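The two complexes that follow have chain A in common; it is paired with chain B in the first and with chain C in the second.
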Partner chain A sequence: MSTASSGFKLSEWIFTTDHKRIGILYLIGSIAAFAVAGIMALLIRIEQMSPGATIVSDVYTGGEQYNVWLYFHGAAMILGFLIPGLTGFAANYLIPLMIGAKDVAFPRINALSVWLFWAGIVLALLTFVVPDKPDVMWTGYPPYSIKTGGNLALYVFTVHLIGFSSILASVNFLVTIIYMRAPGMGWMQLNMFIWGCFTALIIQLVFVPVLAAAVTLLLFDRYLGTHFYDPANGGDVLLYQNLFWFYSHPAVYVIFLPAMGIFYEIYATMAKNRIFNYKAAVYGMIGIVLVSGEVWVHHLYYSGMPDWIRIGQMVTTLLISVPVGLMTISLFGTLYRGAITFNIPMYYGVAALYLLLIGGLTGIPLAMTVMSVHLGETSFVHAHFHFIMGIFAAFSVFAAVDFWFPKISGRMLHEGRAKIGFWLNFIGVNVTFWPLFIIGVDGMPRRYWDYSQFPAYFGNYHKVATIGAFIVATGMIITISNWLLSAVSGAKASNNPWGSKSLEWTHTETPPGPGNFPQDVVLDGNWSPYNYSK
Partner chain B sequence: MGRRLSCWLFLVIWLAGAAEALAISKPTENSEIDPNLFRIDQEKYLGIRFGKELTLLQEDGTPLAFEKFPDRPFILVPAYYTCDGSCFTVGGTLRTMLKDVKAVQVGVDYNVLFVSFDKNDTVQTIDSFSKYLGISRERTPGWYVTLFQDPQAIQTEMSKLGYKFFWSPRDKTFFHPTVVIIMNAEGRVARYLNMMTASAKDIELALLEAKANQFKPSETVDYLVSLCYSYNFKEGRYTINIPVFVGAGSFVLGILLLLGSLGIYRLIHRRKNTKQ
Partner chain C sequence: MKRVVSVMAMLGLGLTALLAHAAAPVPDPAASWNHLWRDVLIDLFIIGAVFLSAGLYWVFKYRATREGQVGEGPQLTKLAAIGFAVIPAFLFMADDFYLAAKGWTVWNEYRNVPRNAVEVKVTGSMWTWSFEYENGVTTIFDPDSKTGDGLVVPVGKPVVLRMNSVDVVHSFFLPEHRVKEDLMPGRVTYLWFQPKAVGETIATCAEYCGNRHSFMWTKVKAVPQAEFDQWLANMKQGGKGA
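Right, the complex of A and B next:
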């Protein structure tokens, strides 16, 4: 099926096996999840504007309401927006185009995975309908998750659906990248975004089944009366945390690697430059895959464990800064002596470097056992992971949409509105999270809806953070509505408006038609998506 | 009349006798001991430090300051040495079981410490108890049979561990739990094991857990094996930790999915090429 078919037919979209349409379906679903999760974030921030009950109905059930907001915000942002936004939307739309393939390896499985994802989103949204709303954060830690009156099944089945969708997507794209590259395209000629996806999807494929298994046992404990996580009956409550983070820390790299890949594409194209130290950056990505499975314990420093495990995991956690450092230097170096065009994708690109720097540097004390015991359960870690994972990755999705908008929609994005949206987003993010860093160091705990027992000045910082959240919300509304308006009324885009050397710009129409490429793509050994010096 | 009276008398005597017989055959309520009285609420006591400033007496009367006790995990066995039943059974069972514990070695990696909770125990009773179990300082290094130097400390120290016992004057015996307590090198409670159900494997796992901070590279495999078990508070022993296997299986499944899908794609592709 073509993306460029005449008229809109719902059935064509429902039964589509075209990777580009599937990518757009992922984008719509992930933005929907993002919007609702964003509303939850606003509720959380409004509640924290002042100590005591602000908008929760009363002090006795306030905690439950707050937990439901936290649950949906966390689960929908990570499982519904960031991962599907990058490995669903961006990977689907771009992988076949960048490697010169006509489609993915298993188109029907691809269609199944997007609808599983949508089913997961619908299930997550049922949170607001059922009377016993899930209130188990996105982590679902027992024993609370087993004993709470909240609906655990909704959480578990949402994880199952989205997890299964992720596994299918991973299988599909990995096979596509390995076997369906255009003739002549070697591994060291791949786009950095392809490398980002390839490495991220390996992590996803290997680790998601562990999460699925862990939550399934949780379901059995809650509803079938088993005792897998019940220490009183031979279960191991800490094991759940281990299994959960065995997937969920690598999940950070499932988000981080394609996000970096997107920024590489933008930097190289807008600076008209080769990727600085391409091989080092690729090895950095592979290095992250290798180390990612050995760092999860830093989420459990305060749980009972032998010191040698703590120290070992501290070392591996710090070790991961080496490949990340290689990638960051490579990204920054790509700008060196480049003819830089500062347009909206590049705005997000430069902001990403700043977010990476702040998020990365604040991660170092958290990797250290001694510091982490103090900071790990405070709003410091909350601000840290929002910088490095939440905002960095969200900016990468926005940058991706803005950068490939001409290719996807056939129209140019309205630059003025996009810039207003960007500045509001960027300023708002800083106004929101810097105060949380400051009071986090002073001991403001995470996940507390009422902080009246803590110093009164925390309230002032929370007020500033809440104002920041509303600035971000305004920026997001402008950004997303600009996409819709520009898709309808933007100026017509040429096939390659950025002058890129990558296949999706040089060898396809705008938007790409059925089969992606008018002619079969055959490349030689000298071809590179970053051949700007020639 | 006389006959009728005799019959009545016989009936009354028979009923009285039967009633007495029933009363004798039915145990008095006082002799029934509810085992739950001795149940140790383990979660409350894990990590509790035992005998920080305590001095014990050994079989030759020499004091053993607890702070000078070898810096390694130990099995604490509360007992009394004039016991005619369970203490000897527990001690004997432990002696036999520890021969099957291969991953750690008594006297090298851990010790066994008997302490008496009976204030009437003396160095003489220690001697007879030790002889019965075949324990001596020379022949069984790492085994200590001791009593409290200060009998006043017995109740305090045993209560700290949640260990309950009482003397029954009628039965002339102590009622007490048949547990051994696995302590880490700091002298803190790591695990309680019920000696009626525990096996050598349970003891080995508990000791590995207690010395987790000090394990040597040569014990890596033993330590990894110990992760496959989790302690069952209800039963006082270790049981297989199923989620570990489920988690590991899922991880392998992920890898197989990748390899399998590559294989399937190649197969489909090869068939297509052959047809063409």
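Right, the complex of A and C next:
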């Protein structure tokens, strides 16, 4: 996977400031986080297979083990896999290549970002080593997080490290996109993926500091004796929930926007078509940035907030459907009158169309205050956000690896194995999450490992879901090992195997060397990454 | 004459309003929820079916048939581009406001507690619920031994819970009654529900609260009014519960 041809040298990777190598380092870190968090998911699913203790030791201390799995699964999937996979790996590797730049604006800061991220991953993995394992979920709500015997500092410092890394990366890429586009490349000629990153990084830059502040106050309350979240001493429990979701709802768009960007690239390239109503999609993305900061209360619909704000933010939350709807129409419309080639990236692309609909539409009842009062905190929510934020976004990372695999590795991916992996993943996620939708409506709460108080048929649905999780696990083992095998033994790739019109395919070698472009890129007003039919 | 007409009209209006009020059915939030849920599912199914069938149809219809074929997607005129953005945007908004209005109506039922409601004070602590009635009777339920009365309520009368937590955030979730609300230290929150039939249901914690979160549940027993009064009086005298 080297981007230079002089063989592998470890020091070259550790001290690298090349955005392509840094991107690959992000990819390795995020896939590692995904693998460990995935194992946690399997443990969770095995435990839920039947009511009562299945693999945890007993009913009194079982929660201690189970809650650590839940904590690690959530925190590592979001902070360690999805955000770094999209705004770390994909953004790093592709932004300079797509805009015709030699590197990012601040290559050394970029190196700092990736190593901060790795430090965050290492800190998160210490969860399994320390005796007082963190059990605060990825949300860390006080007063529980302050009262628990679990290690809160580990959670807070992991957020700090990855947060710092994200803020630095946001500044870096925003400056790169604004100032380092190739001469002649106007804003309305940008790749959709660039727009996805640009809008996501604005959100990241604005909201991550709020999360950092929220968890820092948590740290002060726990270890320094302050009372920010302690009502007995004039603090407020809800303050934390507001601050946390003020960041964490926008964070789902930090994941969603680049993920959409990736699917736009795949659709346009594989359908050899222009983006349908490009500007509407761009304004849709900007619309999401504008509305993202006014919807967080939908996570607090039954938290004791004043009624007026529960209703006000029901309206703003429902209105998210407008920008997302415009983006969806553009995505689907890109197929219209296209010339579609079905290969592995497009398999993920078509799956995305379905995942986007299921995940998006099940968000609508959850946006409604009164529906959420029953559905909230049940496995319906769990299935909803896994469809849209989990699987849709994870599929975008897998699709990105598959789509840009020839460019990154210089070799073609083995399609047959990739397709087996795809089908297992796609079938598996449906088998896993549809049962959870159904028992969620019947009241199955989230974060329960024992559910004996509920009707016995819940157990059957949980069993089916567990089988689904193992189907996904098999699919992922095939997918990841196919990447590794194909990277060393795949057929040599040409510079532009998909016949794309985008700069990273048309103007670079495979894999791109240092400096990216053999000749400086100069474009004119007629250039577009989607100019297939003229 | 004019005056008589207007007085008559006002009387008539007042009477109608009075009759309407008297005839208004007892609000039943859980039934309204179920009804709205059905409407929402129909709404979602229609949107999903339109998009999914269009998407899948195009995926199959526009497969490349020869080498080097390129797509012929339309280059929209300025007017068409605006139309394809503004018209769907208004359609989506129409659906949003429709759902918001429907949701708000039911929400008002959820938040306006009927005046004749039985009030019970709920205290959450890691990991039990305790219930205090207006006459000072306190009950709990032990999920391990499955003993204790838990929450006992009269059928046909609305029940309002005033809730507070002594330690961390919990959430009182009544799946059968389609309602939950968080409890936390420093605030008193409330919810109400309408027990309709005699029988036992459960309430369970829906906000993560540590090791025994899964076990923080209680029996909810709905009994006829007379039996409820009897039980409450017995409990007051220190007698055995229901």
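To be clear about the criterion, the second predicted complex is superposed on the first by the 531 of 534 C-alpha atoms of A that agree within 3 Å, B and C clash if a C-alpha of one lies under 4 Å from a C-alpha of the other, contacts with A are read in each partner's own complex, and residues count from 1 in each chain.
As a working rule, a residue touches a chain if its C-beta (ideal position, glycine included) is under 8 Å from a C-beta of that chain, and two chains touch if they have at least 3 such contacts.
The shown structure was predicted, so the numbers you read here are calculated from the model rather than taken from an experiment.
With both structures placed on the common chain, the touch criterion links A:282 to neither chain B nor chain C.
Legend: residue contacts after superposition of the two complexes on their common chain; A:213 is shown touching chain B, with no touch to chain C. Of the two partner chains, both chain B and chain C are touched by A:231.
When both complexes are overlaid on chain A, the residue A:24 reaches neither chain B nor chain C. When the two complexes are overlaid on their common chain A, residue A:147 makes contact with chain C while staying clear of chain B. In the superposition on chain A, A:307 makes contact with both chain B and chain C. In the superposition on chain A, contact of A:202 is made with chain B only, not with chain C. Ranked by how many residues of chain A each touches, chain B and chain C are led by C. When the two complexes are overlaid on their common chain A, residue A:175 makes contact with chain B while staying clear of chain C.
Touched by chain B in one complex and by chain C in the other are residues 231-232, 235-236, 307 of chain A. Chain contact summary for the complex, chain A toward chain B: residues 105-106, 167, 170-172, 174-175, 178-179, 202, 205-210, 212-214, 216-217, 228-229, 231-236, 239-240, 242-243, 246, 306-308. Residue ranges on chain A touching chain C, taken from their complex, read 59-61, 63-64, 67, 135, 137, 139, 141-144, 147-148, 231-232, 235-238, 271-274, 276-277, 279-280, 283, 302-304, 307, 310-311, 314-315, 318-319, 321-322, 325-326, 328-329, 332-342, 350, 353-354, 357-358, 361-362, 364-365, 368-371, 373-374, 376-378, 441-443, 445-451, 453-454, 532-533.
Those residues of chain B that touch chain A in the shared complex are 43, 212-213, 215, 230-235, 238-239, 241-244, 246-247, 249-251, 253-255, 257-258, 261-262, 265-266, 269. Only residues 33, 36-37, 40, 43-44, 47-48, 51-52, 54-56, 58-59, 62-65, 69-76, 81, 84-85, 88-89, 92-93, 95-97, 99-100, 103-104, 106-107, 110-111, 143-144, 167-169, 171, 173, 175-176, 178-187, 189, 202, 204-215, 217 of chain C touch chain A when the two sit together in their complex.
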